[in-house]
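Okay, so chain A shows up in both of these, paired with chain B first and chain C after.
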Partner chain A sequence: MVHITKRKEMPVVQALAVRLGAILLALVVCGIVTTITTGLNPIDVYVTMIKGAFGTQRKIWILLQEIAILLCVALALTPAFRMKFWNLGGEGQILAGSLASAACMICLGDKIPNAALIALMLVTSVVAGAVWAGVPAAAKARWNTNETLFTLMMNYVATQLVAYFVIVWEVPKGSGNIGIINQATEAGWLPQIGSSKYLLNIVLVAILTVFMYLYLAYSKHGYEISVVGESASTARYVGIKVDRVIVRTLLLSGAVCGFAGFLLVAGTNHTLTTTIAGGRGFTAVMVAWLANFNPLVMVASSFLLVFMGQGAGEISTIYGLNHSFGDILTGIILFFIIGCEFFISYQVHFSKKEGGHDA
Partner chain B sequence: MLDVVSFVPRAVAQSVPLLYGSTGEIITEKSGNLNLGIPGVMYVGGICGVIGSFLYERSLANPSDINALLGILIPVCCCLVGSLLMGLLYCFLTVTLRANQNVTGLAMTTFGVGFGNFFGGSLIKLTGAQVPSIALSATSNLFRRALPFASSLGWFGQVFLSYGFLAYIAFAVAFAASYVLENTRVGLQLRAVGEDPSTADAAGINITRYKYVATCLGCMIAGLGGLYYVMDYANGVWSNDAFGDRGWLALALVIFTIWRPKVSAIASILFGGLYILYVFIPSGPAVKELYKMLPYVVTIVVLVISSLRNKRENQPPESLGLPYFRENR
Partner chain C sequence: MADRQLAVRMRGITKEFAGKVVANKDVDLDIYRGEVLALLGENGSGKTTLMNMLSGIYFPDSGSIEIDGKPVVIASPKDAFEHGIGMIHQHFKLVNVFTAAENIVLGLKGEGKFDLAAASERIRQICDAYGFDVDPNQKVYDMSVSQKQTVEIVKLLYRGADILILDEPTAVLTPQETDKLFAVLRNMRDDGKAIIIITHKLHEVQDISDRVVVLRKGEYVGEMLTAESTTQEMTNMMVGRQVSLNIDRPDVEMDYRMERIRVKNLTVKNADGVTKLDDVSFTAYTGEILGIAGISGSGQKELLEAIAGLQPVDSGSIEYVVDATGDHEEVEQLIGMDPVKIANMGVVLSFVPEDRLGMGLVGSMDLTDNMMLRSFRDGRSPFTDRNAPRHLAELVVDELEVNTPGVGTPVRRLSGGNVQKVLVGREIAAAPTVLLSAYAVRGLDVNSSYLIYDLLNRQKGNGVAVVYVGEDLDVLLELCDRILVLCGGKVSGIVDGRTTTKNEVGLMMTKLGGGEA
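Entry: the complex of A and B
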C-alpha cells in the first residue's frame, strides 16, 4: 500500500535538486513532443531557443525588459498571495494603469512640462491600478465576497474600458489603433538612460524587487500579511485589523500593477492596446507561485518563463510553426514543476502490508 | 426596435458554449475543485474535434459522401477524449499531487489555448494537405442540421427549432445535471465533498473518486462547448483565438447562477443576449465596446449581492479551491 506523510522541511539544496530534476524531465518530454508533432530534432530546437533568447545584443535587452515587466507584475501580486488573497486581476490592474498613463499623454501631452506630465502619469496609473484592486478587496473585507472570481471579472471590465478608449482616441479614425502617442514631441516618454531604452525600466524594477523583499521580510506590514495568510482568526486574536490589512495590501498590489502599466506605456510601447498586458497578469501568478512567493527567487522564475516564450517565438519564426508552440512547451514545464512540489512537501512510503489504510 | 425573432436565435447560438462551460464547471466546483483551466479545456475540446473530422474528411475521396454517423461520432469522441485527458491531468495534479488549484488551472489554460492555436494554425502544414484553410463544411452541415419542420413553422420554428443537435443536448445536460445534484444520493454526496470533505470522508464517501469523476465529467461537458462553437456556430471554420474569452464568461455564468445548472440554462441565453446586444442596438463603434462589458458587470453585481445577503444556500461550495489531505486536519 502507499502511504503519504507530510515532510517537516526539505533542505534547500535537496528541494532545488527536485525542482531542477523536474525541469530537466520536462525538457525531455518537450523534446519528445516537439519531435512527434513537427519531426524536428529536439537538440536543434533547444539550440534555436537559446539563440532566440540570447542570440544578439538586442535580443538580450528585449529578454531583460520582458523579465523586468513580468517580475514587476509578479512582485505586485505577491503581497496579496502571501495573505492567501488570490488576486487574479493583475491583467485588469495593468490595463487600468496603462489606460491612465495613456490618457495623461493624450490629453495633456503638449500642455504641461514633460517632467510634470511624467509625474502625473505615474501618480494616476498607480492610483488607477490601486482602485482596480481596491474594489474587490473592499468587498472581500466588508462582505467576504470571493476575491478570485471578483478580480477575474474585473479584468474583462478593464479590457472593454480600454477597447472603448482605443476607439475614442484612434488615429487615424476607423483604424482601431491609437498608434504611437506623441511620436514627434516624445511627451510623456520616459527618458533613456545609458545605451538602451530598456535600461531605465530594468533598473526601476530591480529597485522595486529589493524594496518588496525588505517590505515583506522585515516590515511590520509584511509580518501582518504573513499572519493573516496563516490564519485570519489568529490575526484577529493578536489584534491585527484583518479588514484593514486586506484592503491596504491589495491597494499596494494594484498600485504596483498600475506601475507596470505605466512602465509599459511610458517606457516601451508608447501606445495603448487591449492586449498590452499580454497575459502577464496570469503568467505572473505562476511566476510568484513557482518562487514560493519569495521576491528574489522570482527573478529566476520569471527568467524561466520569459526565456521559454522568447525561445519558442524564435522556433516558430525559423521553422514556420505557429507562435503558440511556446505556450504548449511552457504548459508542459509548468505541469512538471507544479507536480514536483508534491515530492518536496510530502513523503511517499511504500509498505508491503496488505489492507491497512485505503485512500 | 429590437427584432426579437432574429435576436433570440443568435442569443441562443451564443449561449450554448457558455452553457456547456458553466454546466461542466458547476459540476467540477461542486466537488470543491475550482478549475480555472476551463477556457483551455474548451479550446482543446474544439481543436480535438477539428483534428478528428479533418483527418476523416481528408480520408474521403469526396467530402459530400460523408457518412452521417461517423461524421458526427468521430469529432464528438475526439473532443470528449481530449477534454477527458485535460480533466485527468488537472485531477492528477490537484487531487493526487495536491497542487495549488489556481496555478494548475491557469497553467492548463495557457497550455490548452496554446494547444488549440498551435494545431489550428499548423494542422494543414503538419499533414501536408493541399487546402488553404481548415473549413469542415461537410461535417459542419451535419452538426448544423436543424429539425426538418423548423422552416415551415414561421417564427416559432426559428426561435425554438432552428438549432443543431448539440444545442439541445446542452440544455438537456444542464437540466440533467441540475436533477442529479439536487435530487439524487450521488448529487448529495458530491455536494458534501465540496462543502466539507473531512465530514464527507468520515461518512465513508470516497473523496478522491468523487473529485476525479466530477472534474473529468465537467471537463468533457465543457469541451463539447468548444466543439459546438467550431462545428455549429463557426460553420466548421477554425480561426485562432476566435473562441475568445467565452471560457471566462462561462466561469462568470457559474457565479451568476449561484451554482445552479438549471438557472444556467436560462441565464446563458441572457448572457448570450448581452454578449451580442451591441449588434442590435444602434450606437457608435466605441459605445459597442462598453456594451460588451455588460455580462461581466452583471456578474460582479450578482457576486457582491449574493455575498451581501449571505444566505447559506447562495454561497460557493465551502471548500472551493482548497485541496483535501486527510492527514492535515
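Entry: the complex of A and C
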C-alpha cells in the first residue's frame, strides 16, 4: 500500500540535490531513448548538444542572446503570475511592442536623429505592450472576465495585425516579407557595444532582472502584488485597491513584454514577422514556473530551456534527425524536472497492507 | 456496566506527520454500543486525527483496530463504512442544488432501477425512528446549518452506520438547535448505536455524554464517567493543571463613559439584493464589551464589515465620536470610507475578522510580513521596511506565547490558536479606539480562549470600545457588558449581560420572544 503525505519543508540543499538527481536521471532516460530509437551512442549525442550550444564563440553569443530575450519575457510575466493573474498573452504583447518599433523605424527612419528614433521606439513599444495587457486587465478588474482566455485571444489579434502591416510594408512588393529594415542606414538599430552585436541586449536584461527581483521582493508594490495574489479579501481588508493593483501590475507586465519586442526588432532581428515572438510568450510561462517566480532563479531556468533548444537543433542537423527528436528529449527532461517537485513537496511511504494487524 | 458491548477497540495507535509531528502516540481507546463518548482535549491534542484514522481518512503508523472483536484494516472511508463507521465533519459535504434525499443516496450503488420515492420513504422511516426533522424534497441551499447537519447524520444512518463520530457538531448551532440534536443523539444511543462526540464545550459534555476520554498532546491521559465528574475536573485533566474557568467581567473605572460608535438605521443589501441588515441602530461605548449574538448568518459579518469600511451600505449612518465634552461633540461619518481613509482620519479601528487566514492574514507569508499588512504603506520610500514589523512580530510571539519556530514561519503552518494570537496581537498593537472581533475564540482551546478574553478585557480597561461577535452564549453572558441580539438582520433587542439569561437570548435569536429594545 502506498501513502502520500505532505512534507514539512525540505532543506534547500536537499531540494537542490533532488533536482540535480532528476536531471541526471532524465539524461539517463534520454540516453536510453536515443539508443533505442536511433542506435546512436547517447554520449556522442550529448557532446553534440553541448557543442551546439557552446561550440563556437558565435554560438555562445547566440545562446546568451536567446537566454536574455526569453528571460526578459519571463520577467514580464512574473509580476502577473505572482498575483495569480494568468497572463498567457506574452506572445501578443511582444508582437505589439515589435510592431510599434518596426513602425517607427519604417516611417521615421531617416526623418529624425537616430537617438531620438531609438528613444521613440522604446517608448512606443513599451506603451503598445502595456496597452495589449492593460485591456484584459481592465476587463478583469471591471467585470471579472477570465484573464486566461482574454489574454490568449489578444495574441491572435496581434498576429493578424502584424500580418496586415507586413503586407503593407513588404519589400519588395509581393514577397510577403519586410526584410531587414534600414539595412543601409542602420537607423533605429541598437548600438553595438564592443565586438558583439548582442551585448547591449544582454546587459539591459541583466539590469531588468535585478530590478524585477528588488521590485517584487522589497517594494510596496511587490508586497501588494503578493497580498492580492494570495487573497483578494485580505487585500481589501487592509485597504489595498485590488482593481487598481491588477491594472497597474498588468501594465507593467505588458510593458516589459513590449520591451522584449523592442529588443527583438531593434537589437536582434531588425525586421518584423508574425513569428518574431517565436513562442517565447508561452515558453516563458514554463521558465517562470520552473523558477517558482523568483527572477534570479529564472536565469537558470531560461538557460536550461534555451540550451535544450539550441542543442536539439544541433543534433537534428548533425545526425539528420527530425527536429522533433530534440523536442522529445526536451520533453523528457522537463518531465523529470517538474516531476521531481512532487517529491520535494510530498513524501511517499510504502507499507504492507496488513500493517494494521500487528500490534 | 459489565454487559455493555464493545464496538471499537483501538490499541497502541500512533500517527506522525512529516516524520516529526506526533499527532497520536500509543493511544488505547474503547468505544461501546449504547454509549455517548465525549473526546476531550485542547487544540492539537490529536482528537480529530484519532477519529480520522477510525473513519479511514488517515492510516495509523502503528497500532491495531478491532471492530466487534475482529481485527480490521481501515484504509479508506469506504473501508470504514463497510464496518458501519461514519463521521460528520465540521464542514458539511453536501451538494447545494440537490435535495436532501438526493444527497443522502448520492454515490450509493443499488441494484436495478433507481427509485427516489422509495429512498424518500426510507428516509422518513429513519427520521420518525429517531425524531429527526427532515423534508427529503427540500433543496440543501434552502436549509439552515442545523438542517444540513441533520441531513449529514441521516445520510450516515441511511447507509447503515452504527458507529457515529461528530466533530464539534454544536459549533454552528443555537442552544435550541443543540438541544434538538442532543435529543436525537440520545435516541440513537438508546437504539444501541455508538456515538463519539468531539467538542470543546464542557457543559455540553456534561449534558450529552456518558463517558469522557481525555487526550493531551496526542496521548491518552485518562477517562471518567460523566455523571461522577465536574467540568473543573475535566478541564484540569485536559490542561494538565489547575485552571480557573471563570471569565472576568471587570468594571471599568473611567472619568466618563463616552459614546464611541453610533449606528443609526443601518440597512445593507448584499450583491444579490438580499437584505442582510435591516434598520439596525445601536451605540457602542468606550470601556465596554458589546456582545453581538445571533444565529450564524444573521448579519454579524455585514455589520462589522460596514463599520470597518468594507461593506457598501444602502442607507443609514455610522458615526464615530472623536471627542465629546459637554455640549460640544466632534463626529466623523464612517459610511463611504475605506479602511485606508478611516485610518487617515486618525481613527484607529482594529478588526479581527472571522476568516483568519482568508481575510485577516496571508497564510503563505511569514509573521513579519503579516505584521506589516496594515502598516506597509508608512513612509515615503517605495520600498517596504521590514525592521519594525519584525520587532512587532517578535514582541507578539513573546507576549502572547505564540508557538512558532520563528517569525520567519508562514502563518499557515501554525495551529488555529496561534494563528489567532498573531492576528489579535497585530490588531491590538495598533492601540485601537475601536476593536471589532468576530468569533475570536472559534476553534480555540481553553487556554487560548482565556488568553483572548483577557486581552479583550484589557482593551476594555484601556477605554477601547470592544465589539465581540460570539456564538457561545455562556461566554457572551459572562464576558459582555451588553449583548445585542440579531435575528435575520434585525436587532431583536439589546440586553444587559449581567442580568439576562441564556434562555432569553436564545429566544431572541429566533425572534420567538424579546421585544424591540
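In this text, the second predicted complex is superposed on the first by the 348 of 359 C-alpha atoms of A that agree within 3 Å, B and C clash if a C-alpha of one lies under 4 Å from a C-alpha of the other, contacts with A are read in each partner's own complex, and residues count from 1 in each chain.
By our rule, a contact is a pair of C-beta atoms (placed from the backbone, for glycine too) under 8 Å apart; a residue touches a chain by one contact, two chains touch by 3 or more.
Being a predicted model, the structure only gives us computed values, none of them experimental.
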Partner touching more residues of chain A, chain B vs chain C, is chain B
- Query: Is A:Leu161 in contact with chain B, with chain C, with both, or with neither (first, second, both, neither)?
  - Reply: first
- Query: So, A:Thr5: does it touch chain B (first), chain C (second), both, or neither?
  - Reply: both
**Message:** Which partner chains sit in contact with A:Val47 here, chain B, chain C, both or neither? Use first/second/both/neither.
**Reply:** neither
Quick one: is A:Leu20 in contact with chain B, with chain C, with both, or with neither? Answer first, second, both or neither. neither
Exercise. After lining up the shared chain so the two structures overlap, which partner does A:Leu296 touch, if you call chain B first and chain C second: first, second, both or neither?
Worked result: neither
I'd like to know which partner A:Ile328 touches here: chain B for first, chain C for second, both or neither. first
Check: chain A residues flagged as touching chain B and also chain C 5-6, 359
Touching chain B in the complex, chain A uses residues 4-6, 37-38, 86, 88, 139, 143-146, 148-150, 152-157, 160-161, 163-168, 279, 282-283, 285-286, 289, 320-328, 330-332, 334-335, 338-339, 341-342, 345-346, 359
Note: in the complex, chain A contacts chain C through residues 1, 3, 5-8, 214, 218-224, 226-227, 230-231, 233-234, 236-239, 241, 347, 351, 353-359
Chain B residues touching chain A in their complex are 34, 36, 89, 92-93, 97-100, 102-104, 106-118, 120-122, 125-126, 208, 240, 245, 248, 251-252, 255, 285-287, 289-290, 292-293, 296-297, 299-300, 303-304, 307-308, 310, 316, 320-321, 325-328
Interface with chain A, chain C side, in the complex: residues 11-12, 17-21, 59-60, 62-65, 71-75, 308-310, 338-341, 343, 351, 353, 355, 357-365, 369, 372-374, 376-377, 382-384, 413
